[in-house]
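These notes open a run of structures that come right after.
Shared between the two complexes below is chain A, which has chain B as its partner in the first and chain C in the second.
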Partner chain A sequence: MDFASNIALGMSVAITPWNIFYCFVGVTLGTLIGILPGIGPLATMAMLLPATYALEPTSALIMLAGIYYGAQYGGSTSAILLRLPGESSAVVATLDGYAMAQKGKAGVALAIAAIGSLIAGTLGTFVLAAFAPALAKLAITFGAAEYFALMVVGLVAAIVLSSGPILKSLGMLMLGLLFGLVGADINSGIDRFTFGIPELSGGVSFVVVALGLFGITEILSNLEAREKRILVSAKIGRLMPRWSELRQVMPAILRGSGLGSLLGILPGGGVTMAAFASYTMEKRVAADPDRFGKGAPEGLAGPESANNAAAQTSFIPLLTLGIPSNGIMAMMMSAMLIHNVQPGPQIITGAPTLFWGLVASMWIGNLILVILNLPMIGMWVRLLLVPYRLLFPAILLFCCIGLYSVQNNTTDIYLAVICAAIGYVFYKLRCDPVPFLLAFIIGPMLEENFRRATLLSRGDFGALLTRPLTASLLLLAVALLVLAILPKIRRTRKVAFQED
Partner chain B sequence: MNRIVVSSDFLSGALFMLFGGGFILIARGYELGTSVQMGPGYFPLALGCGVVLIGLALCGKAFLAPAGGECAAEFHVRPALFVLGGMIVFGLALRPFGLIVSAVLMVVVASFAGSERRWWEVVLLACGLAIFSALVFVEALGVPMPLWPRGL
Partner chain C sequence: MFRQVAVGSAAIIAALAMALPAHAQEWRPTRPVDLIVPSGAGGGHDNNARLLGAVMEKYAGQPINIINQPAGGGVVAYREMRDAELDGHTIGQVSVSIVSDQFRIEGVDYNKDSYGYIGQISADQNVLVVAANGPYGEMDVNQFIEAAKAEPQAVAFGVSGNWTNHDYTRYQIEQATGAQFLRVPIKGGAQIVLSLLSGDVQAGALYPSEIKAQVDAGELKPLAHNGSEPLAAWPDVPSFTSLGLEVNLAIWRALVIPKDTPEDIRKGWERILEQAMNDPALKEGYANAGIGYAYRNATDTVELVNEAETAYRTISEAAGVRKESQ
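Right after this comes the complex of A and B.
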């Protein structure tokens, strides 16, 4: 009863013409940048964030979320047609998806990926709608100590599950926390690490860090690679899959959706891991695993569904606990903060139209992707013919305009130059920037809760451990770290990420 | 020995120590407080020490297992120089000359970052992008930015 009325409320928000329009803009833009390998959803969202200042918070979040899952969809398109993964989660689609395209079934492969994504998106949305209120109810009882522990677990899990070397990721994480502290201290009002620059006392803006570390660094690394000549010769052919083909992939779609929904909730989990896990699972349950890699439709349908389901459910930690689980969610979080929405358990009860509107819009966005974008795919793919030497100045210019419009001053452009230089060096040293970004946005909250918790326990760190939930969460964080550093686990991680 | 110094473990370790040390140095100037009532310096100091320790561990790892650490990748100076330089030029030119001029300047500077460029392409791209961004960002989205040089 509750569930149905909540969904109905969400639909009433999401179906207004303007919100449908922003959803459409978001998913179309997402598809576009998903197809183009040179630019990721994180940088795009960071560029557009200042442009959403004037919008309603709900519309802004609907559009930004659309960019995210639209990019998943676009990424698999170029993976299937050209064996070019537009996004990291689409790497799996290059295996069987491209093989299908070579057999002349490109259209069917695209349609299967889209239908799988729609089903998975629907399922993921339901998981989100069903799970989130319960989790939020639990989280609202948490105190500062529990929040501190929860953030620690979230950050540790994010680095353990990420692909970089643990020690470097841990260093990046702490460095991110430190950079997050730049600006006025909440308790004493003292400016920290600002070097006397007045623009810094509000802290380094998230857009600056995100664009510097991801957007600009992405351009630099792309410019190093020699430009590949791309030939768009693949015929797309028949789009609608036959009934027998649909029946063949349906179990894989459902398995992928389930697995993806589960993995998406985990901190640090997310779309790429879900896609790889689903591919492994499909290969294992198949009667004849030999077909995989040679155009098995299940090997495309499973991972494509899994990454879309994970894209939906990775909103759960952010919307219920206020803790982002990956870089994109950190981006969403900063968008919420800019629009004066405090992410956390109080969103569902405090701003129900925003929460349910966003949830419902994700389902609508998936529908738009299938109905509107699938028939236009041939046109989108032509974009790949635009050489990178024409593309990157445009991306760079939009980055600069975005940076300027954060606070209407040029300081942020120079700060981003510094971030990009640091980011480029770290990229060269194979240090993963994602833990840095996550820690950067969590940093101030982590400090605040830590200081509050120790104040309440009268400075006794041991007292933190007498609270059962806090103690078990912190123990979990330690256990995760120890397990990750042990050599045996490290080997299996290497295997799990070998195709990454 | 040479291999140790160029390994990415060693370099990133050194970089972490540098950053951590910098944060510690500055944080020493802030009030530390007690563990009950923490001052603004407490948390940064603790984190700074953590970063230095990780840097030390990475350097130690590079010395103990030099074969394991991969070499640091080659740095490409040209793209970095012209891309970042383009951004700085944009920032410097924006206030006095407006968006149109600074966008053109930025595109021209940035075009040197690539390995090949054709002059007519760069000119067309620069003008096209300047007009496009003026229409979309300033006219349609209302970003408060000067369009033309001051005094015009």
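Right after this comes the complex of A and C.
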């Protein structure tokens, strides 16, 4: 009964006109940037982060979350119609989705993707609503030592699951940790690496790093590529799938939802991972795997459901432990901190309207997305015609306004330019900046918890290993790292990420 | 009709103004005002400014924009307030930090003499709390202190960084009672509450708004506070002073303008603030947000600031605060 009353509370928050409005703005923007190749949800959220400053915390989070799962929908649209993944998790949709479009079944493919996403989104939301409170209750008993171990696992998972060579990811992770060291040391209050600039004693602002590394860098890298005008060649055709077609994909949708929900919860997991895993699974359970890649509806329905379910459940580690599991969640965490909402186990009991409102809004957002995407598909496709020479200057302008407004300080704009330059170097060296971002936000927490744990054990490092949960988590981290370096796994990993 | 009344009252005001030249020169802002706040959005400082700003607008006759400047832990904001234009259209909200920062942060170049004072706007107490289901959950404040004295360093005391306000309270308790705590720096009051609940730390000295939810839920137990008035939320909790212990560094907030601002402008703001502080809407807003209501006019505020500086200087020198952070 508790569950029902919680959902009812969430609905009462999410169904206020303003929150529906912000949810609508979020998913519309998400769909837009999902369709446009080049601008991902991470960059968009970074750009909008400062703009949420003036909103109520709940509305701000509802809007940002909407961008995230809206981008999943939009990304699949351009993947199916144009074979252009607007977003990394939509890469899988280019395989069978585009093949279906080639056969004149673009409308059906879009509908299957949308229906699968809605079902997965609903299931994912239920998993979130059902498991988060229990996990939070457990997390409240965690001390500094447990948190330290959890964060180590999170960081190791970020390396193992990121794309590209392990060594590069490790390097990015270390750089991120170093960046996180800037600012006043919590234990002594002494400034570290601030070069006497008082603006730095609170640390480099997350908005600065995120906008520099993702927002501005993304524009810079897009400027290099010649602008291509792509027109939709395939006819969209009939939208509603036949009953037999639905029956065929339903098991795939449910399998994908389950797998996605699970992978979303794991540290370092996320939507791209879930989509690839689901595709592999569908191919394995299919009677005739040969159809895959040639327009098999299951090959579209499974991954599309999986990435959406994972998008919902990846909120669980953030909302219950206060530990972001991927770049997007790091962004959500920063949005919460801007509004003085401390993510962690106390959110569910301390700010129930925010938590349940956010959860309920995800389901509403998924519903809006289906309505938004199916009948209006023609309009979205036309958006691909907006020239970047108009889009980019506008985005840069909003970035600058946003950067200034967070602290009412010009220093942040200069710092973001420096970060953009660094981000461009990363891009040129083909280094995935996500481990950097995660390490940057987790690093200071990791340090604080490590130092607190050793302070509380009166300087005894062994105390970290005598607590059973801490010891097993640290062991898991070591095992993950070792596994990732083993040659066999390395090859598999290479295959799994080759599409990126 | 309305117009006639308006013209009529304007005429009366004009006549009064000629009769009472002092009132005719009452200064009021002529364009929107910036109120600089040394913290980000959300949290005690910002809530206080937003509530007060909204009420002051009524009496100032101009919009008051809240400018959040959290950079450098407030150092940047305090400099900006000091160096603002002298035309009265930039005011600042300060806390006790304007007197304590110089003793604890390297390179701070402002102190109580850098500002002109408009008045005190609020006060908050630090409340000594323990976890209700922890080893000290059954004790009153005297029993707790005896237990802490019996075993030095056994009680882990959560503070939000060394020589923050929470930590000065910890130091005062130690000095007054002879107890010795294990000082554990934890970023922010919300995190200290979590550490209390998980059993990592056993005690803390937090603001009422930081612990209200957990005290009401029976998870934390308030033992004593460092204010001079009873706590609004828990009037039965004794103050340290009433127990004969010198633990009294409660925080306060005040409005300031740059030091050399003309006196008539400062007086104009003092009058606006007095009206706002007496507005029932403000008192209600404070109560809802858990902000401790306290008002003093400019003269009394200067006295408060002077006393605070002496207190912080004495304690910081005795504790060797500066030495520790070098």
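Note that the second predicted complex is superposed on the first by the 496 of 500 C-alpha atoms of A that agree within 3 Å, B and C clash if a C-alpha of one lies under 4 Å from a C-alpha of the other, contacts with A are read in each partner's own complex, and residues count from 1 in each chain.
What we mean here is this: a contact is a pair of C-beta atoms (placed from the backbone, for glycine too) under 8 Å apart; a residue touches a chain by one contact, two chains touch by 3 or more.
Model, not experiment: these values are computed from the prediction.
Legend: residue contacts after superposition of the two complexes on their common chain; A:L155 is shown touching neither chain B nor chain C. Annotation for chain A, partner touching more residues between chain B and chain C: B. Touch criterion met: A:L455 reaches chain B and chain C at once.
Applying the stated contact rule after C-alpha superposition, one finds that A:A477 touches neither chain B nor chain C. When both complexes are overlaid on chain A, the residue A:L128 reaches neither chain B nor chain C. Of the two partner chains placed around the shared chain by superposition, neither chain B nor chain C is touched by A:I112.
In the overlay built on the shared chain, the residue A:P345 is in contact with chain C alone; chain B does not reach it. Contacts of A:N187 after superposition: both chain B and chain C are touched.
Using the contact criterion defined above for the overlaid structures, shared-chain residue A:P50 touches chain B, although it does not reach chain C.
In the overlay built on the shared chain, the residue A:M362 is in contact with neither chain B nor chain C.
Common to the chain B-facing and chain C-facing surfaces of chain A are residues 187-188, 190, 408, 455, 458. Contact residues on chain C toward chain A in their complex (touch as defined above): 40-43, 46, 67-73, 75-76, 79, 104-107, 156, 161-163, 182, 184-188, 190-191, 193-195, 197-201, 213, 217, 324-325.
Of all the residues in chain A, the ones that touch chain C in their complex are 53, 57, 140-144, 184, 186-191, 196, 198-202, 338-342, 344-346, 349-350, 406-409, 411, 448, 452, 455-456, 458. On the chain B side of its complex with chain A, the touching residues are 8-9, 11-12, 15-16, 19-20, 23, 26-27, 30-31, 34-40, 42-44, 47-48, 50-51, 54-55, 57-58, 61, 70, 72-73, 75-76, 79-80, 83-84, 86-88, 90-92, 94-95, 99, 103, 106-107, 110-111, 113-117, 121, 125-126, 129, 133, 137, 141-145. On the side of chain A, the complex with chain B involves touching residues 50-51, 54, 167-168, 170-171, 174-175, 177-178, 181, 185, 187-188, 190, 192-193, 216, 219-220, 223-224, 226-227, 388-390, 392-394, 396-401, 404-405, 408, 410, 413-414, 416-417, 420-421, 424-426, 428-431, 447, 450-451, 454-455, 458-461.
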